[in-house]
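Each of the next two complexes has chain A plus one other chain: chain B in the first, chain C in the second.
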Partner chain A sequence: MTTAPAQVWQIARLTFLEAVRQRFFNFLLILGAALIGSASFFHQFDFGPQELRFTADFGLGGIMFFGSILAVVATAQLFFSEIENRTALTLLAKPVRRWSFLAGKLLGVALLLFVFVGLLVSLLAAYLWWQQGQRIAIWHAAKLAGEVKTEFPDLLRVQFVGLALDAVLLWLKFTVLAAITLLVASFSNTNLYTVIVSFFIFLICQLQYIAHDAWSGLESPILRGLVWFLSKLFPNFQLFAIGDQLVFIGKVPVPDGAVVAAFGYGVLYLIVFTTLAVGSFRGREI
Partner chain B sequence: MTIDRTSWWWRRGRGLLILVASLLAAGVAADPLQNAAWPEVRSRQPEMNMRDLADNVGQGTLLGVLGGFRSILADFVWLQGYMYWEQHDRPNTEAMIQLATTLDPRILTFWDQGSSMIAYDIPGWAWRDHAEDLNSSDPARAAAAAEYINQVTLEQGRRGLSLLDRGLQFLPHNFTLLEAKARIYTTRLKDLPNAAENWRLAAAAADSPFFAARMYFQDLLKLANAASPDERLRFQRKAYDYLRQLYPTLPADAPAAQKGVMSDWLRALEDVLKIPHDIDPKYAPPPGWKTDPTQEYMPELFPEQN
Partner chain C sequence: MSAPAIRIQHLTKDFRLGLRGIKLRAVDDLSFEVADNQVVGLLGPNGSGKSTTMKVILGLLEPTLGQCEIFGLRSDSVAARQLVGYLPESPYFYRFLSGRELVNYYAGICGVPQAGRARRVAEVLDLVGLTPAADRRVGTYSKGMLQRVGLAQAIVHDPRLVILDEPTAGVDPLGAIAISEIILELKRRGKTVLLCSHLLAQVEDVCDHLVMLNQGRLVTEGAVADLLRRENLTNLAVANYSPALRADLEALLARHGARLQHVDPARVALDQLFLEKVGHAPTKDSP
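Here is the complex of A and B:
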């Protein structure tokens, strides 16, 4: 008889292998890579002064967009494929606890998201490295010609450690989204319903910051209470945007404590949503 | 009445209640973490500041949903706005300017060029559209057209200023935006006090060119010209004090600083205000400076004293 962690790992491994073989994952990966590769093309339409910042924003925007789709759709698909193919019944008939099944599914999706974010952020980092090298070479040529006196400014340099931290925060955000999807899937009957509801929740979480910032300024006590209630009910996904501020040095550096707090926030919600999904799945008839 | 604990409603209701209570508890528990990180996120993205929910909720929604793609979308909206501008389509041009600045308020070009389109180009279109009326032999028709163009010029000037004020919320103390405001006040609204105030702010902005301080100084002298005799002295004194404060900071070797010309102004104002010439070396003319004997610009600004 295997132990619970071993069971979780086995389910996670199989979930991950099943997911990476799916065309959907490969399709999103190729789309994401193509989007990062096309950043230079799109930059010609940009009115902002900094090419590197545009590339970083555009690339991270692409990863955020496709990663969110992957987190919701892959989680729902992998969960319901087990239910619809009746493999969940076979699996749960063995001494596998429901929480192990769910935790394994989530870990498998988290691994999938890790690979997705890791590959695309690595590609983005390589692209930014190459672009930055070109910019520095042009700057040096200008310096030799006496057109500029200073070295290439630090404010324009890409902070690759910051980019790696941003990738971790992005991955954590996607994993929380996968946990939310798993919670919805645990009580819903169809894949489509799960995907639609999860996307709505994702949108609410993306916009939660408006409620978070606005409730104290509202005059009507009823509206104020309602907005406060909503701001506490959903996590604030914009909090993870602190990672985007680490890619370039700002005039004031981002305090480490803020990054740790954002990470802790993600971990807390990951635990909460996973626990709720397990609780809900326990009472479900399969 | 007894509760059927096996009913669907009871089970679902209880489940929902537990879910909401758990999420609420998590929200309250996560508050310290959120409060530790959120001010850092917000301070670095001023467009996320929701000071006025009614005015900003649309912007907040766009920013929240589009994430990193908002820059490129704003760029395309701006290009679309340019197409409308080429067609002299006022409502759509202004709508696209508003949308582009909402999507990506970090880009200076949108604010600067947008305000210029609104305050200068649109009245120009009105002028062109009513050229025939303006040149009409019927005086009433010509006067009505002139009045209409004047109203459009004032209205568009105010709209341009309103856009620049919004821009300054996102790019505070930005020289380009303050300069644009000062120019609109001067040329469109003929509002010299506000023009002067914006030149003062522009001169105080980081990386401000030398001419901004001179513009403020000259506007003070123009205000003096337009004022009553008592007020005139007050404005001239203000201009003098400003110049005394500015003069030592001007480099002698930068032609754009025009330190020599400014030293002439200093002496001229001392004469007008009957203040003895300051012999402190820091107020001395730059080495090798020869005062322009004509000083044609001065009588214009000291009409009565000269």
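Here is the complex of A and C:
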């Protein structure tokens, strides 16, 4: 008899292969790459030394936008293709536990998101490297001309290790979003419903801090308790934005352990949503 | 004494429909057993509860009441499903894989050891007659080939019980005959086969035992030979028949207290005629 981890890996591999063959993934990948490349068209606006910061923000924003769409739509599509084509019926009639099936699906999507984030962040890093080289050359020429006296400031330099850490946090955030989508898919009947509800939850997670700020001054203990519960129920996606502060050296340093804490926070929610999805899917009639 | 391949006891399955939860009873107090190494036909009109019964046997549905065992194991256990191979009705598989990759994938899922997996996959592809098309993408397969690759994935892990849901749906007569031969080969290899089909001639040809359902209830069950036998009637096939012979025959039968009931010209079965006429011609399914 095969082991459950081996089954999970095989399901994940097939899910990943199926996903990369979909036009939707390739379309988003090309769109994301085009968006990063399009940052060069903003040269007509003179950002001066801040140009690198603009390019990084613009590129990471694009990855964030398309990655969120990919996490929701690909997860829903890959899950419902198994249900609607009844390949899930064939698979679950084998000695496969339902949790292995869901874990395999999630791992497959996580691999897909890893490739998506990895490729686009690598492209962004390469572009920033090239742009930084040009900026340093201009600065150096200005120094030779006596227009500036200092070396190219560290505050303007791209921190590529920080960019890599930011990519990891972005990927984790997308994977948590995929787990949320899987939870919704586990009880819903249609792909469209899953996509709409998952995007709605994504918005709640993304904007949670606003609600938290607005309601934190509440006097009613019941309402405060309710807000506290909701703030724990949905992950605060803004916590992952700490990664953006790692790409450049900020005026306020990122606290030690903040990245590890954000990573742990993401993993915790990943486990919770996957467990809930497994519990919900266990009773589903295929 | 070894446990039967399938034991269903007082199985009842209700579905709740709509927001008001209206109860629909798909299977009602069903009990039957399937002995080891038999080919058993599960028959019934649409909506008779065949698919629900099969899904319970496969552990895909939980019974509302009653229980189902496979070789003495609870049917919803992973250990029981290791003993079962399943071909769903109108199977759909990952179109981007080749037939070989698909069967290899399911072999891996079922725990066929890596060492002998490629050999085992080639063996079952050969058994179902798909070797020449094994490296073509499943998306290019005809219906008959899909059924065959479905059969291959169902038996790749050498299960003791094979459940086939409409294995000949949409398949031409030659393909259906080929599938019947595979079913009989599985029986020769010691497997138990549960066959659900609307192609009654095929069921009659390959099955040892029948279980007939209607409206979720057991209508009848038993050995095919017993169920189809007409009491106190015997057929004779006579060559060179003539009206004169008929008179002599009736007189002879009367002397023995028997009676000639009817005389019909002998006919060849349509599928046999089809096989004779086109049996050796290449078909669309032939790779």
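Some observations on this one:
Methods note: the second predicted complex is superposed on the first by the 268 of 286 C-alpha atoms of A that agree within 3 Å, B and C clash if a C-alpha of one lies under 4 Å from a C-alpha of the other, contacts with A are read in each partner's own complex, and residues count from 1 in each chain.
Convention: a residue touches a chain if its C-beta (ideal position, glycine included) is under 8 Å from a C-beta of that chain, and two chains touch if they have at least 3 such contacts.
Fair warning: this is a prediction, and the values are worked out from it, not measured in the lab.
When both complexes are overlaid on chain A, chain B and chain C end up sitting side by side without clashing.
Touch criterion met: A:T87 reaches chain C, while chain B stays clear of it. More chain A residues lie in contact with B than with the other chain of the pair chain B and chain C.
Contact with chain C, but none with chain B, is seen for A:V96 once the two complexes are overlaid on the shared chain. In the superposition on chain A, A:L14 makes contact with chain C only, while chain B stays out of contact range. Here the smallest spacing between CA atoms of chain B and those of chain C, following superposition, is 6 Å. The touching residues of chain A, counted against chain B in their complex, run 42, 45-48, 54, 57-62, 64-65, 187, 203, 206-207, 209-210, 212-214, 217-218, 229, 231-236, 238-239, 241-242, 244-245, 250, 254-255, 257-259, 261-262, 264-265, 268-269, 272, 275-276, 279-280, 283. Interface residues of chain A facing chain C in the complex, by the touch rule stated above, are 1-2, 6-7, 10-11, 14, 17-18, 21, 85-87, 89-97, 285-286.
Those residues of chain B whose C-beta lies close enough to touch chain A in the complex are 11, 15, 18-20, 22-24, 26-34, 36-38, 40-42, 44-45, 48-53, 57, 60-61, 64-72, 75-76, 78-79, 104, 106-107, 109-110. Across the complex, chain A is touched by residues 15, 55, 58-61, 78-79, 81-82, 84, 86, 88, 91-94, 96, 105-106, 108-111, 150, 153, 157 of chain C.
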